[in-house]
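Listed next: structures, encoded as structure tokens.
Each of the next two complexes has subunit A plus one more chain, namely subunit B in the first and subunit C in the second.
Up next, the complex of A and B:
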């Protein structure tokens, strides 16, 4: 997939307590405030649970407008802005984006705005409720970076993956330490397909919690990632985590220009291998499934086809699809950054609603393409007892290929 | 029509003469514009699939 560049240069100017909000940012807020449709709240998974106007795109832009007009203070909006999943549904569904964005080259960019506001608040020591959990997570990832290099690739010790090559699988810290089954399955699938895939000796931090707290540090790590991938000889970089995929195709180009390699999401890459006959899906799985579009893939990047094509190719799978547009409304509840850590109760309600919907479709398995969704749905399934098993698509592909 | 329209890469785009001052265009590449166009078409197809069969004709005799 090509890089998706959408950038408002005036978002770079930091907001400071007691200082005026720029004209450009005020006009940007007015563009949403002046709308009366509020389609944004209808697709907002948080609004669906909380029924609080402040938490959707309209509410967030209006809240910032109130700061611009001197009605509200910057510090007082911190907990409003923590209530956004950063899923991208609102900015996509906004009529300004969807009906006029390509024509006027002007869109609603709520996700970028939320990240910016959170960063600007943190920079001034204004911390939203729940910040300590987020800080702990950021520090944990920084500790991984500062720690022994061998720990970063420990998940692959027995797989004998080279550290340089034309196809490089980028494994972020979440997958390297918490969700190791995803990169391990990806490596085994690619090895069986005869694809020589390498990994980085030292990937750098990519976590979304850092992106919405300290962009300078996040960009420093991003630059190191790009340099390491170039040094490794990468022509194709395979991403396993939709969050990281959205950073590579949407965020990195904003700051560094065009990528010096092709960034591909794992499902696109595997579908290509299936079409070429390099992956044989033979074992009958005999299950009833539905698929959950990860927000970072479907809403942020418009990637929804290859996972469905792969699922439809799996033998013995009875698949009930839910349209990617229907799924603009959905989320697992994790969010693409800190939401679950800050609002675990709302995250649970969102995930529970989603899982209940899948049970109503009479599906036994909910197929996922995101390790964060897998983690969240597993937790929700355990707590709620809803009889749907969350499984990553790579698990099913590996099963069908006869890989243990 | 209030706006002048140009065609770039086979797609309609506003002549941005009047977007130099009060509201300025954002930096956007063709892939992002394509994503928006594809999303719009998907959305309209979705609306049609969900609601087209539910649109009722006007009552008989109302054409008079």
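Up next, the complex of A and C:
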């Protein structure tokens, strides 16, 4: 696995309309342009639908190179740069990352570059088409933060979760307001396993859309999260949303150094409990399933084992696996930040392709480990009528444990 | 130089009516992106190659309309597939319309009974094989850019396959195809008139005319391709030698073995081994006593391959080859598309790491001519590297068996060259063209062809191709054919010096 943290500090220097692109950033773009084997292309879920080579790692880096060479103006690339899921497939498939990344300490970092460009454009008031939807979402989360504190933990009202402890479950705003089944099931599973788990009184914003539009504000919230977790006495922070997991293990350390606690994704945590015999998976489920790797886990963080181990431990489950490298090509269509809000039509096509592939495997259920995947596939399933039921892995674990 | 088109607005609005507004790209970065194909691209004169507009058609009928439009306004049309070809076929010389075929990527029919598959030209081979493999078949075209290249581009450039000595190359793998001619007429070319017939004696061999024409004669809109049963066994074996000359001699013996399963023999020369030593994850072992390597690859049934294995080991051992082990052999073969073009492996002569772009000069050379070409190509490159240190770098040579279905006879030989495109100037670009010319002329000294897979359309060696290699009347006939099929010279003008056809009246 290549280095998780991008060390390209020059990404921090804002790119401004009418000003030259720095030599370092030009070289960074050239490192991708110079390849021209373009193995990043057919692995890009957006390219696979649109077949427009301006998208994908080669397209985006070359686009920026054309700005560097004075051929294009910065403002004109805004809509091209909105066509990225930030899924990370192109970075992994890049021969430079695979074969030379460790040696030269230099990998392709398309996701960071896309976030940087979007941010720099927003800072100058240059907005891509669809920005209003993204802004609305960011404002909604800021309103949650500014609103009554009790609303942030309303999902847990009946669960009697303490607000301090060694194991703290971090529940982001998406899960706290839209995907409440995930934190509720996680809490019930951990309670039944006898693991004392706390939640934060007031978690701060972690929204990816904010990360790629106003990093200063995003980092202010991040700092508050770290302080709150420390204050709560967290030794282990359990993440339920793969997007937030990637921020905790990749972004927070980049800006704040090593974390004062261990950040663990829920499937890793539960697999440990299964191994220790604290979780008993007993009820026969009698279903045929396949598993979808969330981009933020598989591609951004290299985490793919524990969900498979958990599925294989579920009684009565017939599991057809598609390996994590094959799944570099896949995405539910949501992306890891604003993509679906900006390009709902492409998101739908990507989701349909994925769900059809699962139907071809003769699976009844597509097991998920991400609330955004669950939301997206539920919508795709309803619209398309493809006969595959999207289910979160915690639902199956809870069923097998006899919860509910 | 790109021309300024007076009717551009009218052409664009017509293109939008034909292909849909969302499939006509006008912004500078979309057009600039589609100016370049593989390295080296003259970044210092990027603007000269930028097309006026890009269109992404979705059907044959749209392409027909686009060709008619281009004829009406006498606007160049440059077809673009994956643009990983090394002869600049996809680089616009005079602006105009770039016609990008990648949206047409459907599999139209899988005919298992007659063992062939019909596809649209924009499909990628890896993607095609993902579908075919589930049914127990495979399409064996295996270029270096396998993971990115698409069928239409392979046809337009007449590409070479790494598995060609076992399964044939593009001309052998295309059974028939549909082509939209420059004037907008549609024809099907193949063996006689049968769409799925492999051998006929009826009519002229038209199919070959539309393979490797570098986009100068038409646009393939559908191809019927060979489909092979997926081989039971794949067996790569790599051997190390004390010298290039030992490996060279042993390659002959391997070719002469008569093994039908032997689908390729590849020689790595000493410079290539040195280059691979720059990569800490290289499968090729680093000991200094390894001066040359041969890779052999077998495909077939388990029984065939296991017998072939013993014979290959015996021949290699008798010729001084040391087996490099299963892990290295399988690992290197599996990563064959990935590891030879890493830009970070560029070096100045003092060892400093510099970012260079991989370029490959290739030629078809008879076995007997390989030592001469190997020696002289390195001398040429050394001369230019000494003069332009940090601009050019020698990344060593490969020699692949080039004969379709047979691992002997002639070899695709290539010298890989690192080029610092970011620092190209008029002077270094001129030096590059001279370097290319010398490389090409060396090949003619031994009766070879200046390219086995890339084509001869690139500045620097196109004159060698047209005026020297094809001097025995072939180039004259090419011009007549071009003018007959493309009366207004709209298809990829400026390539293969074919403008001469129109100047000659």
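Quick note on the criterion: the second predicted complex is superposed on the first by the 400 of 404 C-alpha atoms of A that agree within 3 Å, B and C clash if a C-alpha of one lies under 4 Å from a C-alpha of the other, contacts with A are read in each partner's own complex, and residues count from 1 in each chain.
By definition in this document, a residue touches a chain if its C-beta (ideal position, glycine included) is under 8 Å from a C-beta of that chain, and two chains touch if they have at least 3 such contacts.
Just so it is clear, the structure is predicted and the values come from calculations on it, not from any experiment.
Because the two structures share subunit A, they can be overlaid on it, and in that overlay subunit B clashes with subunit C.
By the touch criterion defined above, A:208 lies against neither subunit B nor subunit C after alignment on the C-alpha atoms of chain A. With both structures placed on the common chain, the touch criterion links A:7 to subunit B but leaves subunit C unconnected.
In the superposition on chain A, A:324 makes contact with subunit B only, while subunit C stays out of contact range.
Measured by the number of subunit A residues touched, the leading partner among subunit B and subunit C is C. Of the two partner chains placed by the overlay, only subunit C lies in contact with A:36; subunit B stays clear of it.
In the superposition on chain A, A:56 makes contact with neither subunit B nor subunit C. Judged by the touch definition given at the top, the superposed model places A:302 against subunit B, while subunit C stays out of reach.
Using the contact criterion defined above for the overlaid structures, shared-chain residue A:71 touches subunit C, although it does not reach subunit B.
When both complexes are overlaid on chain A, the residue A:104 reaches subunit B and subunit C alike. When the two complexes are overlaid on their common chain A, residue A:357 makes contact with neither subunit B nor subunit C. Overlap of the subunit B and subunit C interfaces on subunit A: residues 27, 31, 93, 98-99, 102-104, 106. By the touch criterion given at the top, residues 26-27, 30-31, 33-39, 41-42, 51-54, 59, 62-63, 66-67, 69, 71-73, 76-77, 80, 93, 95-96, 98-100, 102-104, 106 of subunit A touch subunit C in their complex.
Per the touch definition, subunit A reaches subunit B in the complex via residues 1-9, 24, 27, 31, 92-93, 97-99, 101-107, 109, 301-302, 323-326.
Those residues of subunit C lying in contact with subunit A across their complex are 25, 27-30, 32-34, 36-39, 43, 46-47, 50, 56, 82-84, 100, 102-103, 105, 122, 124, 126-127, 144-145, 147-148, 279-281, 335, 337-339, 341-345, 353, 355-358, 421-422. Touching subunit A in their complex are the following residues of subunit B: 11-14, 16, 19, 22-40, 42-43, 45-46, 49.
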